[in-house]
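Shared between the two complexes below is subunit A, which pairs with subunit B and subunit C, respectively.
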Partner chain A sequence: MFKKSFREITRYPSAIVGLAVVLLMFVVAIYAVIKIPYREAIRLWRGGEDVWYHNPRNASPAWMNFFWGKNLPESFFLNSADGTAEKTVVENPDGTRQITINYTFDFPYDGFPQELILYFDVAFAEKQPFIAMEWLTPDGRRFQFGNIGVTAQQTYRFSQDQKLSRKVGGMAPQKGLFWDVFSDARPGEEMPLKGTYQLILTGTTFEPDSDIDAELVVHGQVAGLAGTDHQRRDLSVALLWGTPVALIFGLVAALGTSVLTMIIAAIGTWYGGWVDEMIQRITEVNLVLPFLSILIMVGTFYSRSIWTILGMTILLSIFTGSIKAYRAIFLQVKESTYIEAARAYGAGNGRIIFHYLIPRMIPLLIPGLVSSIPIFVFLEASLAVLGIGDPVLPTWGKIIFDAQTQDALYKGFYYWILEPAALLMATGLGFAMLGFALDRIFNPRLRGI
Partner chain B sequence: MADEKLLEVKKLVLHFATTQGPVQAVDGVDFDLDYNRAVVILGESGCGKTSLAKAILRLLPRNVKTYSGEVWLGGKDVMSLDEEEFRQNVRWVAMSLVPQAAMNALNPVLRVGDQVAEPAMIHLGMKKEDALQLSLKMFQHVGVPADFISRYPFELSGGMRQRVAIAMALVTSPNLIILDEPTSALDLLTQANIFNVLKRIKKELGTSFILITHDIATSSELADIVAVMYAGQIVEVGEAGKFFPAPLHPYSQKLMASVPRLRANQDPDFIIGQPPSLIALPSGCRFAERCAERFERCKQDPPMFEKNGRKVRCWKYA
Partner chain C sequence: MSVETSTAPSGIEASNKKAASSTFTRVAKYTLARVVTLFLTVVVGVFLTIMIANMGGYVDTIMRGEIRERVTMQMLASPAISNMAPEQRDRMVLDKIAQEEERLGLNQPFIVRSFRYLADALTLNLGRAKNMTSDSGSKQVRLIILERLPPTLLLMGSSQLVLFFSSVFLALTLSRRYGSLWDKLVVALSPTSAAPPWFYGIFFILIFAALLRWLPFGGMVGAPPPDTAIEYTLDLLKHLLLPASALIISSFFLSIYNWRTFFLIYSSEDYVDMAKAKGLTSRDIERRYVLRPTLPTIITQFALLLIGLWQGAIITETIFNWPGLGRTLYRAIGQYEIPVIVASTIIYAYLLAITVFALDFVYALVDPRVKVGSGS
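And now, the complex of A and B:
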């Protein structure tokens, strides 16, 4: 039966597209879980600045360069500890040491960096080492700045240095240091000078075991495949991990709801009497209860764990209109001769319900189940947007939530909302197209139309 | 075994409750049946034949008003069993049913082999493989080719489905099979085939049958005893050999006269009027209204009279 159905699916182009989208989703979900194991995903999403410091803030995805026709910089970093920056040590006769770190990098971009930061890793016992810095531009200008004592884990942000700002002509240092002074660009449209830049960091230590290492991070304006958010987090982690979360939530909720609804409808119809009455009354009461408000209440007062929300969703979705729809069909099937025959040859109630009633419903169940998956995916996203998403897991809805609380659209970070929204839409569209085609294949009333 | 009857039905009553009042579908039916015999229950549509079968098998709908009487099966009073005992020990173990419209009595989502195996799995506690072996044997008995075992009901013809339904009734080898219009909606040739199958089963397995039908001609093939039902009551019971040439009750006579004859130059007769509604039964003889031979006593309810070993419910034989 399923082989035949599958062959029939290929007759509907929309179903093929839907199936392709759904399969792609599953591949992505499996890839995400294998590539970024759960703990790693949580670390990447909730780890803190230490994990994210390489990324710029609120950077668009790198492929946006293609649409803008510009070559905006991505972040890059040079570290004296791993050899990407050249470090020389000169021992002085008076016991002090002169440590020189030379950061040389090419800057062929059409935009200024977002920020320059030096992360120091300094070893000393009592006397702080002393740092001086010199910046060399491709056109031969030099800026000397710094002249600070550094502590063990100091962070030096170029943008915060007022003195440096004055030296580069009152601009923000991350712009001024790269500014092409001889271009005739109007103020506000300045362009960086392309070429090789150098930052020479000269440190003096005063103790024999004292040492200096420092990492220069040049934050770009674009980052990775998905861009970053306000906390420097790479959105691709949440987009990737949102896929399995959304699919599992949608699948489990859809499967749980439809199967339980069907079984309960079958039991109610078969036994009739007060069992049926009770199920019908519960359904009617549940139909007037506000579904979303109850979920928000549970999320607010009890637990925002995705499993709690999933359980509540299933529980509240069992006794809905579909129980009435199933009941209507079961009432019809129940009176069939073959059910009476089964009763005659002594089939017990359980056997009749599970072997005779329910299998008749499966053709109707499958398309409904597939079509209802996106409903639950959207529900999970909606809850996250409303601020009761799972507190731990990275999900699509939580990206939108963050974007909304950070006024992403107002500030022009469209990618922040459009990326998860596009994935949600693709999920909805894929399952809906597949579901409609399955409905045509399985539902005898729509067959061949 | 000679003195013990296979089935004894005494004063069996089955009334349904409806909004218009109780429907007296089965109203005091008595009959009995020996081992390896076939009783044919004849009657018009709506006279309570199917309800009688359901009453014997206790397959009651929800709106039962009265259900009383005695059913003795192999010397056991099965009416006193509770529902669960009845399901486990009587249905399909002691007697089974080929339901009306047996062609639709097969679960459309089960392969016919599994369908036939179901009763064996339920009642004999057989494993599926063994039960399937047994179904295969039953298929041989009823003349269904062995390779049909893995087909679905919709892939079978009406006659084949009927045979499968009979195989299903046979699979637990009960002593009694109730056949409720087993050949309705089948063509004459298939009807004849089915009756041949039934005759062979009776001979080979010693099964007894209750055959419910309104098809007098074909039923005469199988019948040992004929019972005629009218308006919820049995009006005549007798040996088939004596009944068919000379029925006693005026209704039976009319019924026989309505069968077209092959050789005699005689038009089929008909009965004036309609059978009475089972909700508002006339007092006295229930057939009196349509009877050409009615007289004064017919205003009273006739009891069963014995005449030459035959029983008839008519004042003519008082």
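And now, the complex of A and C:
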């Protein structure tokens, strides 16, 4: 029977598209879980500045360059500790050391960097080393700045150096240092000068074992495949990991709800009497309960864990109108002759319910189950958008929530909302299209309509 | 519930009388049973809501806070007391608070009190909020809700009525042109309703507010509100357009699809073919043979739509900053304002019960095959 149904599915183009999208989502989900194991995903998403400092803030995905027709910079970093920056040490006879770090990099981009940051890793006992810096532009201009004492884990942000800002013509330093002075661009439309830049950092240490390492991070305006958010987090982590979370939530909720609904409806109709009556009354009470409000209350008062919300969702979705629909069909099936035959040979109640009544309903269960998956996927996202998403897991809805609270649309960070929205829509549409086609195949009333 | 039994005709007059009186008792019995069941349903539903909303003793805190505030205010308002020495005054306040808490039974266990909350809710004694106030500054839950009702009715009412009537009308048209290009288009587009309204809302904000700058990002009127009535209305409509469209579009195609399928099933009945064979015009067929038997369903859906307006649209209102009941309910939950949550639930429960009750009689009016209280 299922083989035949499958062949029938192929007659619906929308079902094939839906099926393809759903399968793709499953592949992505499996890839995400294998590529980024759970712990790693949590570390990448909740790790803190240490994990994210290589990424720019609120940067669009790198492939947007293609649409803009510009070559905006991605972040890059040069570190004296791993050899990407040249470090020379000169021992002076008076016991001090002169450490020179030379950061040389090519800058062929059409946009200024978002920010320049130096992260120092300095070893000293009592006397702070002293740092001086020199910036060389491709056209031979030089800027001298810095002249600071550094602590063990000092961070030097170019953008916050007022003196440097004055030296580069009152612009923000990350712009002024790259500014093509001799172009006749109007104010506000300045372009960076392309070419090879050099930052020479000269440190003087005053103790024998003292050492200086520093990483220069040049933050770009675009980042990676998915861009970054306000906390410099790479959105691709959450987008990838949102897939298994959304699929599991949707599948478990849909499966749990429809299977439990069917079993309860079967039990109610089979035993009849007060059991049936009670199920009907519970269904009526459940209609009175405010579904979304209760979920929000559970999320706010008890636990925002996705598993609590999932359990509560299933619990509240069992006793709904569909239990009445199942009941109506079970009432018909209950009277059919094969049930009578089963009773005649002495089959017990459990056997009749689970071996005779329920299997009869599975063709009707499948389309409903598939069609309800998107509802639950979007429910999880809806709750996350209201701020009661899972506190740990990265999900699509939480990206939208972050974007909403940071006014992403108002500030023009469209990618931030569009990426999770596109994935949500694809998942929702995929399952919905498949479900619709299944409904037309399995539901005799819709045959030919 | 009671099945009619045929009585032997002993005389036309007697049987008429008997039929009339049996109809009356049947309807009366049925009405009574129905009222009792529905009321019990409301009671259990509201009690469950109270239990869920109270976990952690939040309502107790609210009550205690309210008493403390009221007593202190009363004491300070009286010049005789506010002129007393501070220690003496504090002791008096504390005494009065303890007295009040005892009077309201806050020294009783929660389970006992939960029944009193239930009784308050059932008698629509909505009480006062803890911290939340209406814009006019009142903490009366009744006023908070009444103040938020018009915006919600405007948003939900306009969107849901447009959605309902346009989808029923379009579905009727489509069911006549079954298999046409438009029909196929609606069937193909119906999976788009998998996404909730707020999802479309975000897209609308992106396109019409952020990119094109035609319409506002959210809110109900601009700041400052326009002076003249005409400008005010225009401004209101401008703000209404995006959230209302989001609410409509998210259910639009599925709603048409469902109604169309529903009408198609009824159009394939034998009596419709019969009517066609008789040569009746398609308008007559539609009105007498398709719409008439589907009327109870249409009325039910419409009635449920009307009471659904009450709950507002929590997420859509939140996304669009629409100052309606849904957003208020969401804020109430965030601030642990149980009285507001319970008030919203009890009013919805009553509306639902009354509607369900009334629908039984409406069915009997519009469908001659249905009799109140006969069969189940």
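We adopt the following convention: the second predicted complex is superposed on the first by the 447 of 449 C-alpha atoms of A that agree within 3 Å, B and C clash if a C-alpha of one lies under 4 Å from a C-alpha of the other, contacts with A are read in each partner's own complex, and residues count from 1 in each chain.
Here is the rule we use: contacts are C-beta pairs under 8 Å (C-beta built on N, C-alpha and C of every residue); 3 or more make two chains touch, one makes a residue touch a chain.
Since this is a predicted model, take the numbers as computed values, not measurements.
On the superposed subunit A, the positions of subunit B and subunit C stay apart, so the two partners fit side by side.
In the superposition on chain A, no contact is made by A:Ile263 with either subunit B or subunit C. Residue contacts after overlaying the shared chain place A:Val17 against neither subunit B nor subunit C. In the superposed model, A:Leu287 makes contact with subunit C only, not with subunit B.
In the superposition on chain A, A:Phe436 contacts subunit C only, with no contact to subunit B. When the two structures are aligned on the shared chain, A:Tyr356 is found in touch with subunit B, with no touch to subunit C. Residue contacts after overlaying the shared chain place A:Ala342 against subunit B, while subunit C stays out of touching range. Of the two partner chains placed by superposition, A:Ile248 touches none, neither subunit B nor subunit C. Superposition on the common chain places the nearest Cα atoms of subunit B and subunit C 5 Å from each other.
When both complexes are aligned on chain A by C-alpha atoms, no subunit A residue touches subunit B in the first and subunit C in the second.
Every residue of subunit A that touches subunit B in the complex is listed here, in rising order: 272, 336-338, 340-348, 351, 355-356, 359-360. Interface residues of subunit C, counted against subunit A in their complex, comprise 37, 40-42, 44-46, 48-49, 52-53, 55-56, 58, 178, 187-188, 190-196, 198-199, 202-203, 205-206, 209-210, 217, 261, 264-265, 311, 314-315, 318-319, 329-330, 333-334, 336, 341, 344-345, 348-349, 352-353. Taken in their complex, subunit B has these residues touching subunit A: 57, 59, 62, 87-88, 91-93, 96-97, 99-102, 104-110, 118-119, 122-123, 165, 168-169.
Put simply, subunit A touches subunit C in their complex at residues 14, 18, 281, 284-290, 292-294, 296-298, 300-302, 374-375, 378, 381-382, 385-386, 400, 404, 409-410, 412, 414, 417-418, 421, 424-425, 428-429, 431-433, 435-436, 445-446, 449.
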